[in-house]
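Notes for the one structure printed next.
Chains: A, B, C and D, in written order; residue numbering restarts at 1 for each.
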Amino acid sequence: MIAVLKEGTTQAQMDHLVSWLKHMNLDVHISKGAEVTILGLIGDTSRVDIDLLKSLDMVETVKRVSEPFKQANRKFHPRDTIVEIGNVRIGSGYFAMIAGPCSVESEEQIIEVAMAVKASGANILRGGAFKPRTSPYAFQGMKGAGIELLLEAKKATGLPIVTEIMNISTLDLFADVDIIQVGARNMQNFDLLKELGKTKKPILLKRGLANTLQELLMSAEYIMSEGNEQIILCERGIRTFETATRNTLDLSAVSVLHNLSHLPVVVDPSHATGKASLVPPMAYAATAAGADGLMIEVHNNPACALCDGAQSLTPHQFDEVSHRVQRIREVIA
Amino acid sequence: MIAVLKEGTTQAQMDHLVSWLKHMNLDVHISKGAEVTILGLIGDTSRVDIDLLKSLDMVETVKRVSEPFKQANRKFHPRDTIVEIGNVRIGSGYFAMIAGPCSVESEEQIIEVAMAVKASGANILRGGAFKPRTSPYAFQGMKGAGIELLLEAKKATGLPIVTEIMNISTLDLFADVDIIQVGARNMQNFDLLKELGKTKKPILLKRGLANTLQELLMSAEYIMSEGNEQIILCERGIRTFETATRNTLDLSAVSVLHNLSHLPVVVDPSHATGKASLVPPMAYAATAAGADGLMIEVHNNPACALCDGAQSLTPHQFDEVSHRVQRIREVIA
Amino acid sequence: MIAVLKEGTTQAQMDHLVSWLKHMNLDVHISKGAEVTILGLIGDTSRVDIDLLKSLDMVETVKRVSEPFKQANRKFHPRDTIVEIGNVRIGSGYFAMIAGPCSVESEEQIIEVAMAVKASGANILRGGAFKPRTSPYAFQGMKGAGIELLLEAKKATGLPIVTEIMNISTLDLFADVDIIQVGARNMQNFDLLKELGKTKKPILLKRGLANTLQELLMSAEYIMSEGNEQIILCERGIRTFETATRNTLDLSAVSVLHNLSHLPVVVDPSHATGKASLVPPMAYAATAAGADGLMIEVHNNPACALCDGAQSLTPHQFDEVSHRVQRIREVIA
Amino acid sequence: MIAVLKEGTTQAQMDHLVSWLKHMNLDVHISKGAEVTILGLIGDTSRVDIDLLKSLDMVETVKRVSEPFKQANRKFHPRDTIVEIGNVRIGSGYFAMIAGPCSVESEEQIIEVAMAVKASGANILRGGAFKPRTSPYAFQGMKGAGIELLLEAKKATGLPIVTEIMNISTLDLFADVDIIQVGARNMQNFDLLKELGKTKKPILLKRGLANTLQELLMSAEYIMSEGNEQIILCERGIRTFETATRNTLDLSAVSVLHNLSHLPVVVDPSHATGKASLVPPMAYAATAAGADGLMIEVHNNPACALCDGAQSLTPHQFDEVSHRVQRIREVIA
């Protein structure tokens, strides 16, 4: 970490600062220039509050040289992490094709969709049981009963399942869930992250709507710092001024995260775009960008003709997406 | 709510949609134009999933006419809500001057600051006990012991206290806290909001870093829908591309929220700007914009000369801010 | 266009509004509901100032049903526009592989790069002669002399050329340029757009750093309204809070623009990311997302080893990108 | 400027870089640490392309210590600039109350408004003659004839006038205009800025919709680098995800700009919010934040009852705003 001091900083002020930094077990390397003085801070700077340092009157600017995350950092763990769920692997060339309905609605629905997506190449089943909704009046999911139905579908198809947790007090219900999802709105629910770090479950961690990639990795670090290293990062769109899509899918995130971290990265084009017609092109784009997997909503509700056109694909549409994704993977391999 | 159907929608498709909407207990008023057909949805549309409706192939666009929040809505509750904490009132002309240190550090510190800010006109004491930190390696606050010290300061000064909750499992520790704060990162932790709705405590609800004002009101609605109507909204800056300040304080939020809702609105210039020198002008601006209160960080640490210049004001600086704020209030009254 | 009037609007106010709208040659269809009154405006609403309408006290909300752009609108021009430059076509399955250096520096440089990228499959040569720079002290390009060198490279290779205009007073220098580029910072330089609309040159129009896709199409409309329909739209990244990349490449823009408009869409991954290592994955992703072309910076400067690693690819790297792009095009065809 | 080199950079690579930097007339101070090497670049770094430097493979990070703007920089010009227009001064305690209609419409209109706002304390008259409009089909202003009418109003009232230029080819029409405005969309129309730098006219430079404050100052620098130092900066709202207001007024900009630069800063609450009811509170807030002036739309059109409620204030509303603004100025003086 480098701190640049302002012109006019007195020796006494600088001594104060240096002694304070040394109290944090940092070595301080001082380089006095004509106009500015540069302090190089050496040691474990992940504990230094960069905002506090920046806010000091004598400090012109502060710049981290090393990232504040350690366990998630590729520098200290050069080989790709491979998350394993039974026979399914994610990362380092292993691809997760996660598909299923937005919400679990009935046994018939979830089993039918599960069988369809499995036949088309999905290797993990998704389905919402606890649903975070902006409005308290909206449907909040089938909750525990929804997880039961997912487990039925798992039994019927052999597909491992992923579903979202909103509250650590419900953890017991997730005992047989294969991957626990942390939603965008909980990406910085630090207490939830710490508790999930104490489990041995793989965690699918979604990027918050307005979080930087470094913050996503710091949230992964919260989980890892408690001992759980089985983390799958998920890009799902960020909030911008553009209104033509629900969110703006940031596909550069895939490469940036691969450069910074060893953790696998999957992309959710369904939530990001909010429109079924945009899901296939964004699924192809995410694959071409090097994603380690996709998370795609698929429904199967012949009784509800209305739902055609929603952000979910039909099993037939998913089948085509799945096959083209496979061919794109071959091109970029 | 108005839904505009695309040109070329068949009668059968429209019938399907209308029958689905009627199942949700809505009346549907159909207006056929030359190019488009407009459906007016009448009834309780707060339960309608606008995103689902928008995503239907036959739907060109959907527009809410009435807001999705009800209990927080000024239309149904024209008079200002006044939140009462002992002798202190907030809203409708009553002003909350909330001041105190970022984090509670020691009994001496918190009592000294509390006495100083009280002498300068503060009527509520703030202080962080549970600290949400981006890094798991950063200081996470004194937790329960911090709340104990706040209660000591309350006893010494008579000031009611506000402090942040991060996890509903710690609620017991807040039994004597006067106002419970929900931080920006938990604004959409819906399970936490629901549980706080079951308490009788006033809640200070901070706007998320990238949340719209309507979303802030929907989060207030979560709390209110469980029976707790004592809510103070707090603007604390949003995330933009600008890097000269930590966040961009959105002062238009004050008037917009006052127009949409009857709840009081306070502003936190300390977190928004991250720099002490920007706190006074933004405190004056927030007051002039019509805020019902301010939340300002004040420290008192003569032993740590380093801290001068951080985002906290000294008691002396706060004293001047407090007096000018009072004079600006008189101008805009 | 639909305008929803507030509850409590008087008949006299509404009559005023309706007569004002009729003065703009619009038919007004009035639908009175229990709580709101809806006005359907029929006719050429592209001339209606939606902001003014929204700002009226009696108006609750206004919503466009038809887009404000006409000539760029796919609804009125369902078939893809194909821009033709000599033998090169762009759009509707024809792919533009545009490559070349950021800035033209010397005859040797531009001809060498042009020959290299042509050999790798590029069909259009790019090179900056007029350079928009944030700082007045930065190199502003070779200007007219740079265009001369591009024309030399065109003669040597047969590749058509594209280069940026910053000021209509320099139009004469572009007489033999094949495609004139309008940069992101000039996307809403409306006087420049109008003048370019009077030429017969194909225009490559880049999206502004914080412009919506509708605004991009309105800027295309400015050019088209003067008679020039040869427009290529270009996505080059938007500004967000993320700092890991220079801008956030919005690849959903490709499909959204294809849905709204008949104009071809190319993507510039070099400027968006600002880092050579991110260019190949984003070039693949853009292709998989359905782009009609790519615009990639390639340099060839063996004397300046420093430049390795900048946002430009080497000819060797470009060769690999070009071939994989071709294979991805086959997969999504 | 500081450049941090990556671990593993070879001596040969570093020598290359250092020699390249020295060619730009910079001194390079090398500080080798255990893990990183830091280069301190001393000299005129305003010509260094920071993006190019950052993009080099061997470079971990680059940080400017000194700002890239010089003539606009308070460090080199500690005293406030006071812009003088006849008897009117702006900056360093002198306040500009700029008021007038959005667009000039008729002689009667502009003179009536001018007399009204003068009576209420305005000291500069605004009015749009050339109007930048998103749509080519919208009214583009009265152009030259509008400037003639502004000059009539100036003659009638003695108020100096400010109006927007969109195209340098119209400069002759501005011969008697007192202040030339550069609109948000032209903030980075660098050729226009350079030409305005060659005039002796005061320039009111509006911040672009998605530009940083540093970029605003760099655009001021473009004008100043050609010899014109009479610049008034204007904050008018930035684009964010919030939809309740047209833009988000960034009032921290006032203090940040005052810290970085000696140029006066005015605020335009009318365009930022787009709603008359938000103009008074934001005008008060801007004043309390320390602005050197306000720019407020005022109309006077008794024949058009429709316009009540638009973003413009009536003369009566403006009168109240003007008086309260004066009182707030006294509080913060």
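One rule holds for everything that comes next: contacts are C-beta pairs under 8 Å (C-beta built on N, C-alpha and C of every residue); 3 or more make two chains touch, one makes a residue touch a chain.
Small disclaimer: the values here were computed from a predicted structure and weren't measured.
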item: Centroid-based (C-alpha) most distant chain relative to chain B; value: C
item: Chain pair with the higher count of C-beta pairs in contact (B-C, B-D); value: B-D
item: Distance between chain centroids, defined by C-alpha means - chain C, chain D (Å); value: 26
item: Centroid distance [mean C-alpha coordinates] between chain C and chain B, Å; value: 39
item: Euclidean distance of C-alpha centroids - chain B vs chain D, Å; value: 31
item: Multi-partner residues of chain A (each touching 2 or more other chains); value: 210, 239-241, 243
item: Contact graph of the chains (line, ring, star, complete, other); value: complete
item: For the chain B and chain D complex, residues of the former touching the latter; value: 210, 212-214, 238, 240-245, 248-256, 259-260, 272-273, 277-278, 281-282, 284-290, 324, 327-328, 331-332
item: Partner chain D, residues of chain A touching it in the complex; value: 2, 4, 29, 31, 33-36, 38, 40, 42, 60-61, 63, 65-66, 210, 239-241, 243
item: Residues of chain C touching chain D in the complex; value: 13, 16-17, 20, 46-47, 49, 51-52, 54-58, 68-69, 132-139, 166-169, 185-186, 188-191, 194, 208-210, 215, 218, 221-222, 225, 239, 246, 274-276, 304-311
